[in-house]
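Here the chain labels run A, B and C in written order, and each chain numbers its own residues starting at 1.
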Amino acid sequence: MTGTAAEIVFDNVSKRYPGRSSPALDGLSLTIPAGTFCVLVGPSGGGKTTALKLINRLISLDEGDIRIDGTSILDLSPVALRRGIGYVIQQIGLFPHHTVGENIGTVPKLLGWPAARIRERTEELLTIVGLDRADATRYPQELSGGQRQRVGLARALAADPPLLLMDEPFGALDPITRARQQDEIRRLHREVGKTIVFVTHDIDEAIQLGDRIAILGEGGRLAQYDTPDAILADPADPFVAAFIGEDRALRRLALRRLGDVPLLPFAGGGPSVGSALTVRNAVSLLLEGGFDRLTVTGDAGTPIGTITLAHATSLLQS
Amino acid sequence: MSHASPPVIPHFGTASDCVLANRPFCSDWVRAHWQDTLGPALVQHVELTAIAVAIGFILAGGLALFAHRIRRAEQPIGVVATLVYTIPSLALFQILVPFTGITTTTVEIALVGYSLVVLYPNMAAGLNHAPADVVEAARGMGLTERQILLRIELPLAVPAVLSGLRLAVVSTISIATIAAFLMPRGLGYPIFVALRDPAPFKTEIYAAGGLAVALALVCDTALVVASRALVPWTRKGLAA
Amino acid sequence: MIAVLFDQFQPGTFIDALRFIGDNPGFLGQKALEQIELAGAALLIALVVAGPLGVILGHFHRGAGLAIGTSIVGRALPSLVLIAVFLTVLGIGFVNNMVALAVLATGPVLTNAYSAVDGVDRGVVEAARGMGLSRWQIITRVELPLAAPLLFAGIRIAAVTVVATAPIAAVAGGGGLGDVIVNQASYRLSGVVGASLCVMALSAGVWIALSSLEKVSAPGGVGSVRVRRNHHKELK
């Protein structure tokens, strides 16, 4: 497991907890290409956490196999496997008796890095996750919830693992902090290009973050695995359709910006809007103002095309 | 040593008016008998306590680790510890006499027993102090079970262990005074000697009793100070 | 080593001790009653004085220093020292011992009463105030029931402390089973050990009785919550 990103393959994985009638996961097969931001989403009890913890062997596999870059996780010792995987949980689990710096340096220290390199890496990570270098000597109890979450992320990234597992990392944050953290994890993903497996039960978060979304239904069944756009355009079954909501057309339009979609040729008329606006927001403006068209302007303010309600509708067909 | 019944105190030679009148506190007596009575009793008391707490600490630590490993053992050990704790000290000392005679061993066995049962519940609870999410995060990062114990669970148990140690030291100091009923050792002995007299000599009781209380308070304070240094992460009133 | 340890072992003493108990049930029973009387009186005084004080301090969230200080100093006072000191002040007999034991019981009662009431969820108290309960109603209907488990634990600790310490009072004319324990000259070692066994049984009995009483009387849910650690130890 070297390199910047790892490919993960779930091969017909099942898991049944002792004393439970229905399985937590049932024949899950899933390939997550290297570098993908994959979101596991689904209702409570759908087996998301189970799937995640199977990867780093916090939970043992009943059936099937999981391979990381072609190597079965069963061929590695759990400890060695885990040291190569970043792991972030909702409760964060920072060590209360270690400073922020010591928390971040945990895995590098286990791996025997020299102290100077650990210090350097810690400072680098604090900057990456948007914390102050001076925070390194503070104890976790002295930080806010959002700051702790960042430390948890930095700690998971410390040894530069090719794979990051995140279990509802933003579940306990207020909406504003949460949105900021979401932006940052996206940015981080673009910059470091790691494979991320991210668990949430919030479909909005899944759509916003994921390159690919795996929807797990009751009984640990994989209901659909595709890009957000494809899932919104074509839900595989009524369960998925209900889960993503009646407003899926709007959600789809929210995924695209005016500058990224084919527009009608510039025809004049209607108010001007920037190309960074999402199609959804353009539709909202059209409806709100009762306009029949909007002029889309490019970076320099020059018109680059026109959008109408009918054209937005046609975009959903593509 | 019946120095308290005036007017005749044969082996005391000259006694001051204060002693003869058995006034509440005769500092001259304390000064005169620091060398032959109070000082040695204090030293013996510290010895009795230190040995009992040290051995009790090791045994309780072993038991707590065992119970941490074998979870099913935790409750039974706890119940036995509680029952031992309820045994009146005077009774325990006497019950041990047929086994080990009137010896320091008897006294120490009883004292070790008490410090052990005070320390054990605190240590056992301390090892469970590490929150589940912290342990899960540690395991998820690839710490071995041994590393989790040594680097996470043991350090997080330190505050509970220290508060157990405070209790153990203070209660052992207290119980060790009763050991003097069995044999002439420790700060309890001058008190028992004084009590044997129909008109107990007050100075002796107050001086020896005061020393015992002072010893307990000094040890307690020292441990509080030590725990501030040992658990920096709980400073500023932050709960671990 | 073991041999040296037990070279004074006299197993016969225990048989004699049991025989002593068997031969003198009336006498030992009467001594036990004396001891319970002494302990009960002391506990009652401690409860009447320290209980309400702790509850009131806890209700107003005042006097943490007093409550904690009392418990620290209380623990540091050896029972023998208390008994001896009160003997010099009050003279030999029941009263001196009762007062000494009452002082001993004050620590756990006061500390537990204080921290039990002080620790009641402030949100619950505020909700009660919002619903229009008077101060008295808040104390009796909200705080006391919620504080009950910890309060009872304090009483239990105090009761056992007092019962277990009472034999020492015999050196100061306290009566009870201690009379036998401290008088080897009259009762020989077998009598002393026999009385010690009775004392042990008495204090264990008090502990067990009070623990069971607590379990029976605990209000639904309160105090019965046990914290269990979440285990994900499937793979080590």
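In the analysis below, contacts are C-beta pairs under 8 Å (C-beta built on N, C-alpha and C of every residue); 3 or more make two chains touch, one makes a residue touch a chain.
Given the structure is predicted, the values throughout are model-derived calculations rather than measurements.
J.: How short can a chain-to-chain path be from chain B to chain C, counted in steps between touching chains?
T.: Minimum number of steps from chain B to chain C: 1.
J.: Can you name the chain that lies farthest from chain C, using the mean of each chain's Cα atoms as its centre?
T.: Most distant chain from chain C: A.
J.: Can you tell me which chain pair comes out on top for contact count?
T.: Greatest count of contact pairs is found between chains B-C.
J.: Using mean CA coordinates as chain centres, what's the chain B-chain C distance in Å?
T.: 18
J.: Return the distance between the CA-based centres of chain A and chain C, expressed in whole Å.
T.: Between these chains, centre-to-centre, one finds 58 Å.
J.: Residues of chain C that touch two or more other chains: which are they?
T.: Only 232, 236 qualify.
J.: Send over the residues of chain A in touch with two or more other chains.
T.: Correct list: 58, 78.
J.: Could you pull out the residues of chain B that touch at least 2 other chains?
T.: Chain B, residues with two or more chain partners: 135-136, 139.
J.: Given the complex with chain C, which residues does chain B contribute to the contact?
T.: 24, 82-83, 86-92, 94-95, 97-101, 103, 105, 128, 132, 135-136, 139, 145, 167, 170-171, 173-175, 177-178, 181, 188, 191-192, 194-195, 200, 202, 205-206, 208-209, 212-213, 216-217, 220
J.: Flag every residue of chain B that touches chain A in the complex, lowest number first.
T.: Touching chain A: residues 131, 133-144, 147, 151-152, 155-156, 231-233, 236, 238-240 of chain B.
J.: Can you name the residues of chain A that touch chain B in the complex?
T.: 56, 58, 78-85, 87, 89, 91-98, 106-107, 110, 139, 141-142, 152, 155-156, 165
J.: With touch defined as at the start, can you tell me which chain C residues reach chain B in the complex?
T.: Result: residues 5-11, 13-14, 72-73, 75-81, 84-85, 87-88, 160, 163-168, 171-172, 178, 181-182, 189, 192-193, 195-197, 199-200, 203-204, 206-207, 227, 229-232, 236 of chain C touch chain B.
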